[in-house]
Every structure is written in structure tokens, then in C-alpha cells.
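One chain, subunit A, appears in both complexes that follow, with subunit B as partner in the first and subunit C in the second.
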Partner chain A sequence: MKCRKCTQKAIINMRQHKLALCKEHYPEWIVAQTKKTIERYHMFTVQDKVLVAVSGGKDSLSLWDILWQLGYQADGLYISLGIDGGFGYSLESKRRTEQFSQARGLTLQIADVPETYGEGIPEMAQRTLRGRGKPCSVCGLVKRHIMNQAARQGGYTVLVTGHNLDDEAATLFGNTLTWNAGYLQRQDPVLPARHAGLVRKAKPLFRIYEREMTAYALVRGIEYIYEECPFVAGSKSIYYKELLNQIEADRPGAKLSFFLSFLQARENGLFAVATEEENTGAGGEALFTCPGCGQPTTVPELCTFCRLVGAKQDSP
Partner chain B sequence: MKCRKCTQKAIINMRQHKLALCKEHYPEWIVAQTKKTIERYHMFTVQDKVLVAVSGGKDSLSLWDILWQLGYQADGLYISLGIDGGFGYSLESKRRTEQFSQARGLTLQIADVPETYGEGIPEMAQRTLRGRGKPCSVCGLVKRHIMNQAARQGGYTVLVTGHNLDDEAATLFGNTLTWNAGYLQRQDPVLPARHAGLVRKAKPLFRIYEREMTAYALVRGIEYIYEECPFVAGSKSIYYKELLNQIEADRPGAKLSFFLSFLQARENGLFAVATEEENTGAGGEALFTCPGCGQPTTVPELCTFCRLVGAKQDSP
Partner chain C sequence: MVKIRIRKEEYEVRAGMTLRHALEKIGINREAVIAIRQGEIITDDEQLEEGDEIRLVAAISGGV
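Coming up: the complex of A and B.
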């Protein structure tokens, strides 16, 4: 198959776009598509101070690479979670991230969970009942807290993550199977800061398929960590991704259309309007300010993160 | 495995209900469940004159059997569609339906499409562009028209169909993949008559799994037509049913919870309120009265059915 734009051999064929591109035109196309998404969804501008949450994986490093090429002011934030998994997952992903940022002269901030809180995510998870033996729930809580904290402290105006279409469609799929109103009414590729202690969030890769991000990282020679987090196996998100891949294989474009038609239907007024006021949480409930960290919480006391970390300090 | 209610051998184990029952308690349970659904969703009462649309398949004959046992005033309507498929599909399904009603002394009305309109569904479909080669779209249109017409002419207060949970969940699944607002805001196991020319509709089996209906028909000795309509193969509904079966196999109860949580979320106000006035269609648009048949239509002229049938009369 030949590249649509030149006579070179295509390295990827995107059935849902009926578009095949070569190793030169493909990364150009991805960069242009991301720019279009950032602008069309009013995510941020070149005036914004952007903080990219980087894990060392293909999506977040590629996103940082794209933002760098597009000339946005984008610094990176790596969160060391203290996960080993028998192959030094955290150590290796940190090494790749540092290598990536040094090669491009980019600014990388590092937040170290075991260093700061005396224990890694798996140990924190063991102390709580959240997640029924899987540390993913605690991990999400800790990452959200630290990302927001780092963005506020560093004066960043927007926090961006490398979630791709497969991630977003799988989350939507899971929340649709249970008709989770809070998610369906609120979740968005751009989340405004609804509380003084929150920073605006955006997902510039939400229209790009996971396999397209892998191809981008490979063709750009980005050395990302190939291994997934050891706790990912058997997760619901992987399960939903596989189901969606099956639908996509039968109907190219189904995954993209599922997510985009959701956004479109919501814009057309499908859902009852959720409270759009400031200081309300995902379910429209009032938000309080945590006396420990200043971030929002749904209870008028220490937030779940502060309790998680504080509980540790109280235990023997 | 033993029956939950006695010491006999169980003939079915319903994982989603954690319930195994024997050949005596199982049909009793299905009948009781259907009664509960009819009452809980205010579908109809013993005062209503009920018309059951029967195809000769397991679901509709079983439904008629259940309503008969429960003492509802339920007559049957069989629509002969003129579909052969190499095995006399319409002839055989009509024969089974007649046999069923005669054995129970029930009243059966028969509407014969080829006799009344000079051609069967496959021929009607060939003349139009609806359905891209598949007659299913034309078939649905014709059946809806005839069912409603027969219910009005016979003075029935409610029209019931044998749609089971698998049918309903598959339709919801397809409409969710495309976020079809008209369906999501309106479709319901009970549809009130929103126009003088429409009869109220209900689906008393919507909470019962397809395999449970098969087991019911078998244990009750109902001789239904085993073959599916020859045009069903490769349909979207079959595709969605298979996907849902896969999810169900991994998480027993997922199918039921998907459909029930949708109804619950809607009741809780998830969706923007669709126009609830009379004389509005599924998308909230105004409904006109067809000058040909008196049934509602979204255009101020002959309805699609009358045009479909009329077009034939004008052609050579």
C-alpha cells in the first residue's frame, strides 16, 4: 500500500479514515491532528503554561513530543509510584522519561511517592479496603492529587494527560454498561477547573487510536517503556478495550463514532443539564476545601488523599 | 443441581438470580415473574382487552400461554408475511400458531400480507430502497402498521409483543453505540398511545433472558417454529446479542443490569425530558394523521406504509 501523500510505502493504514501514510507523512499527520483537536476543543493556547503528566509510556511521551514540536510551553511531570512488578517498572519508566526529556532539553518535574510518603502505591493499597486487592483505585487517587498539586504549585494553567481514544472509549463503555449519570453528564476531553484548588484538564489525544499512538512512538524513535503496569492485567479497562477492538474489527470506525457521537448527543442536549456551577463535584454535589491540602473534597473534613496519607502517620 | 423449592433435579440454573429450578417450579416462576412485571410497570389489568402479536416463535407463543394461565383476556394476531426461505417459514409458523390456539381454545386473528396487498414482504422490499437489500426494515414497518390496525379495529386496549431481555438489551446496545437520542429518551417496555390512531404497547417479557424463554417453551411442550426468519442471519441485532452474551458469560447478570440500570437512570432524570405531549413522534416531532389509514405519520400526507402499498397499485 502506498502513502496517500507521496509514492513511498505506507507504514500504517487507518481504515476508519480510509487513509494510509508513510513514515514521514504519518507523524506529520498525527501532529497536525493533535493541533486541530487542541484548537477545536479550546484546550489551551501557546500562552498557557502546560504540565504534561508523563508515565514513560508511549502515549504520554508521544504527547509531550507533539506539544514540543507544536511550540507549546509544556513541562513534564513524572510520578514515581514505587511499583516494581519483578522488572523495576517504576525505575525503568522513570529512566526512559528522563532520557526523553534530556534528549530534547525539556523540563521534567519528578514527584516521588515512596520518598515523600514513606511507602509506594502497593503498600498504601494494602492498608485500605479500596479496590479489593488491586491498587488501581488508590493509584488513581494519589496520581490525581499529585498531578493537581504539582500543577498548582508550579503555576501551570492546564494539566494534560495522554489518554487516547481507546482509553476514553473503554471508560465510556464501562460507564454506559452501568449508566453512571455522574460520568455521562460530566466527563469530557476538556474539564474546566470547577474549584479554586483545581487546575483545568485536557486530553489532546482523545481522538487518536491506541495503535496509532504506538505507530507514532515507533516511527519517531521514542524509547518508551513497553511493559504495562503489572497491575493492569485483568482490569476492567482492558476487558472493555478488547470488546471495543472486536467491534472495531467488524466495523472500522465504530470506536471513534461511539465516543464522538456521545459528545455530539450531549452537546445536542441528550442529557439533563448537570449543575454547572463552580464548587460542585462530578455528581453535582457541593465541594468543600480540604483543610489539609486545599484541594476540593465532597466531605467537610480532610480529603480522601490526606486521610490515606495521614492514616499511615497514625498507625504503628 | 437441585431445585431451590423442592428436592427434584433442576432443569435450569439462572446464574444472575442464583436460582435453580425443576420442571415444575420453573414454569410457575416464569408465570409469576411475568405477572409481577405486568403489574409493576402498569402494563395492563384483567379489565384490558389484550392483543398478543404472535409469530409462531418461542417468545410470543410462550407469552400468550402465560397470559392465558394468568387469566388475562388475550387474543392472538398472526401476520402472514409471505416469507418462504426454502422451508416454508411463513406457512410453518402459521401452522404452529393455529395449532397452539386451537389446543387452548384461544381466539386467533390472521392478517395475510400477500392476500391483502398482492405480494409478500420480500417483494415489497425489492421495490424500495429501504434496508439496502434486507427486507427487515420494510417488514418492521408493515408489522407495526398491521398490528396497530388490528388492535384498533378489534377494540383492543393494549398490544403486547414477546420481546425478551436479549431483544431489548441488543436494541439498547445498538442505540447506545450511536447515541440515538430519540430511542434513549423514549423507548420503554410500556409505550402509551401518544396519538388517537395508536394503541398502547407493552413488552411483558422484557426482564426474561432468551434462554429462559426457550426453556419455558420446551418444558411447557409448546411446539414453536425452531427456525428463525431466514433474513435474520447477519443482522445487527444478532451481532449485538452475541456481544452481550459474551459480556454476560464473563459477568452473569450484566445484560439485565445494563437494561435495568438504563431504565433506572432515566427515571432518575439522566436524560433531558423529551416532549411528553400527545401527537409527537419518537424524536419529539409533531405527528399528523395519515389520510389513508388514520395512523400517525411525521409528514402531512400519506404515511410510509400507505405509500409503500399505494405505489404498488400505481406501478404496471
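Coming up: the complex of A and C.
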């Protein structure tokens, strides 16, 4: 198979776009597509101070690499979660992230969960009802809190994550299976700051397939952590991604169409109109200010994160 | 024979078939992997030759 733009051998065939590209034109295409997405969805501009949440994985490191090439002011934030899994998962992902930022002369901030809170994610999960058996829920809560906190404290105007199309389609699929209206209203590639304690969020890779991000990382020689988080095995998100890939194999473009049609349907009023009002969540619920951290919460008391880390002192 | 490796799994298929057919034969969804031969990424219409060693990089990652 030949590259659409030259006579070189193609390295990837994106059937949903009917487009095959070589190792020279493919990364250029990904960078151009990301730029187009950032501009089309009004995510941020070169004047913005951007904080990229990086995990050491292919998507977040690739996103940082793309933003760096495009000339955005993008610093990185790595959150050390204290997960070992028998192979030093957190240590290795941190090492790779540091290596990446040093090679490009980029600024990396590190938030260390065990150092700050006296325990890592597995211990936090063990201690609470929310995380018993599966720490992913606690991990998500802690990461969202720290990302927002770091962005606010650092004066960043936008926080970006490396969520790709497969991540978004799998989340949508899960929320559709249960018709979770609140989550369906909130799922968006751009989340405005609805509260003084929140920073705007954006997902510049949301139109790019996970497989394409893997190819991008490999072609660019990005040394990402290949091993999965030890807690991810058997997760629902992986199961949904596999199901969606089965459909994609028979119907190229099905994943992309599923997610983009959802965004279009919502814009056309299929769901209740999401309010843009400040101090109001996407589902219309009131947002209060947590007296512990200043971030928003749906209850007029300490937020879930502050209760999680504060509860440690109260437990025997 | 052609060797195909993904993580710690290893498969053997006959030379002469395309990568796409080889993946179908070993039950791996072509949407979920990137294939590398001699350090270069290849598309799934490539014919596999005797002695080829193919490394598959899993594309799917997950969690919250």
C-alpha cells in the first residue's frame, strides 16, 4: 500500500478516512489534525497557558509532543500514584515522563500522592468503600482533584488530557448502556470552568483513534510505558473498547460516527440543554465551594476528595 | 514459518499469507494492534515471508 501523498510505502491505513500515509507524512497529518481540532472546538490559543496531564503513556506523551511542535505554551503534570504492581509501575512511568521532558527541554511538575497524603492509591482504595476491590474510582477522583489544583495554583488557563476517540467512545458506550443522563450531558471534548475553583478542560485528541496514537508514538520514537496499570485488567473501559473494535473491524468509521453523532445529537437538542451558567453543573445542579480545598462540590460541605484524605485521620 | 509476538504470547503462521489473514487466523482484531517488522510499521495488506518475525504492539489501554 502506498502513501496517498507520495510514492513511499504506507505505514498506516486509516480505513475510516480512506487514507494511507507513510512514516514521513503520517506524523505531520496527526499534528495538523490536532491543530484543526484545537481551533475548530475553540479549545485554547497560543496565548493560553496550558497544563498537560501526562501519565507516561502513549497518548499523553504524544499530545505533549504535538503541542510542543505546534508552539503552544504547554507544561506537563505527572501524578505519582504510588502503584507498584510488582514492576514499579509508578516509578517507571515517572522515569519515562522525566526522560521525555528533559529531551525536549519542557517543564514538568510532579505531584507525589504518597508523599503528600501519606499513602498511595492502593492504600486509599483499601481504606474506603468507594475503592474496595477496584481502586480505579478512587484513582480517578484523586487525579481529577490534583490536576485541577495544580492548574489553579500554577495559573494555567486550560488543562488538557490525552483522551483519544476510543476513550471517549467507550465512555459514551458505557453511559448509553445505563442511559446515565447526567454523564451524557457532561461528556464533552471541552469542559468550561463552571465554578471559580475549576479550570477549563480540553481533549485535543478526541477525534483520533487509539491505534493511530500508538502508531504516532512509535513513529516519533516516544518511549512510553508499554505496561498497563496493574489494576486495569478486566476493566469495563477495556471491555467496551474491544466490543467497539469488533464493530469497527466490520464497519470502518463506526466508532468515530458513534461519538460525533452523539455530539451532534446533543447540539440538536436530543438531551436537555446543558446550562452555561456559572456555579451550575452541566446537569443544572448547584455547585458549592468546598471549605477544605476551594474546588466545586455538589453538596454544601467538604467535597469527596477532602473527605477521602481527611477520613484517614478518623479511621482506626 | 512466521512468528508473531504480542506481549508474552507467541504464534506461528505459514508464510505467504497477508498480515490481515494471519491476524484473523490467530484471532487478533486488526483494529487493536500495530504490527512491526524489522523495526518498521507495516500495513495489514503486507505479505508475510518465510522467517519473518512480527511484533504486535497492543493499542488498547484503559482505566479511568
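One rule holds for everything that comes next: the second predicted complex is superposed on the first by the 308 of 316 C-alpha atoms of A that agree within 3 Å, B and C clash if a C-alpha of one lies under 4 Å from a C-alpha of the other, contacts with A are read in each partner's own complex, and residues count from 1 in each chain.
Keep this in mind: contacts are C-beta pairs under 8 Å (C-beta built on N, C-alpha and C of every residue); 3 or more make two chains touch, one makes a residue touch a chain.
All values derive from a computational prediction rather than experimental measurement.
Novice: Quick one: is A:Gln99 in contact with subunit B, with subunit C, with both, or with neither? Answer first, second, both or neither.
Specialist: Neither subunit B nor subunit C is touched by A:Gln99.
Novice: Tell me the contact category for A:Gln109 with respect to subunit B and subunit C: first, second, both or neither.
Specialist: A:Gln109: touches no partner chain.
Novice: Of the two partner chains, subunit B (first) and subunit C (second), which one does A:Phe258 touch, if any: first, second, both, or neither?
Specialist: A:Phe258 contacts subunit B only, not subunit C.
Novice: Subunit A residues in contact: does subunit B have more, or subunit C?
Specialist: On the superposition, C touches more of the residues of subunit A.
Novice: According to the stated criteria, A:Thr289 is in contact with first (subunit B), second (subunit C), both, or neither; which is it?
Specialist: In the superposed model, A:Thr289 contacts neither subunit B nor subunit C.
Novice: Contacts for A:Glu248 in the overlay, against subunit B (first) and subunit C (second): which applies, first, second, both or neither?
Specialist: The second partner, subunit C, only.
Novice: Does subunit B (first) or subunit C (second) touch A:Asn175, or do both, or does neither?
Specialist: Neither partner.
Novice: Which of the two partners, first being subunit B and second being subunit C, lies in contact with A:Thr298: first, second, both, or neither?
Specialist: In the superposition, A:Thr298 contacts neither subunit B nor subunit C.
Novice: Residues on subunit A in contact with subunit B in one complex and with subunit C in the other?
Specialist: In subunit A, residues 246 are touched by subunit B and also by subunit C.
Novice: Where on subunit C is subunit A touching in the complex?
Specialist: 29-34, 36, 40-45, 57-64
Novice: In their complex, what parts of subunit B are in touch with subunit A?
Specialist: Against subunit A, the touching part of subunit B is residues 176-179, 181, 184-185, 239, 243, 246-247, 250, 254, 257-258, 261-262, 264-265, 268-273.
Novice: Touching subunit C in the complex: which residues of subunit A?
Specialist: 1, 10-13, 20, 23, 57-59, 136-137, 139-140, 143, 166-167, 170, 210-211, 213-215, 218-219, 226, 228-229, 231-232, 235, 237-238, 241-242, 245-246, 248-249
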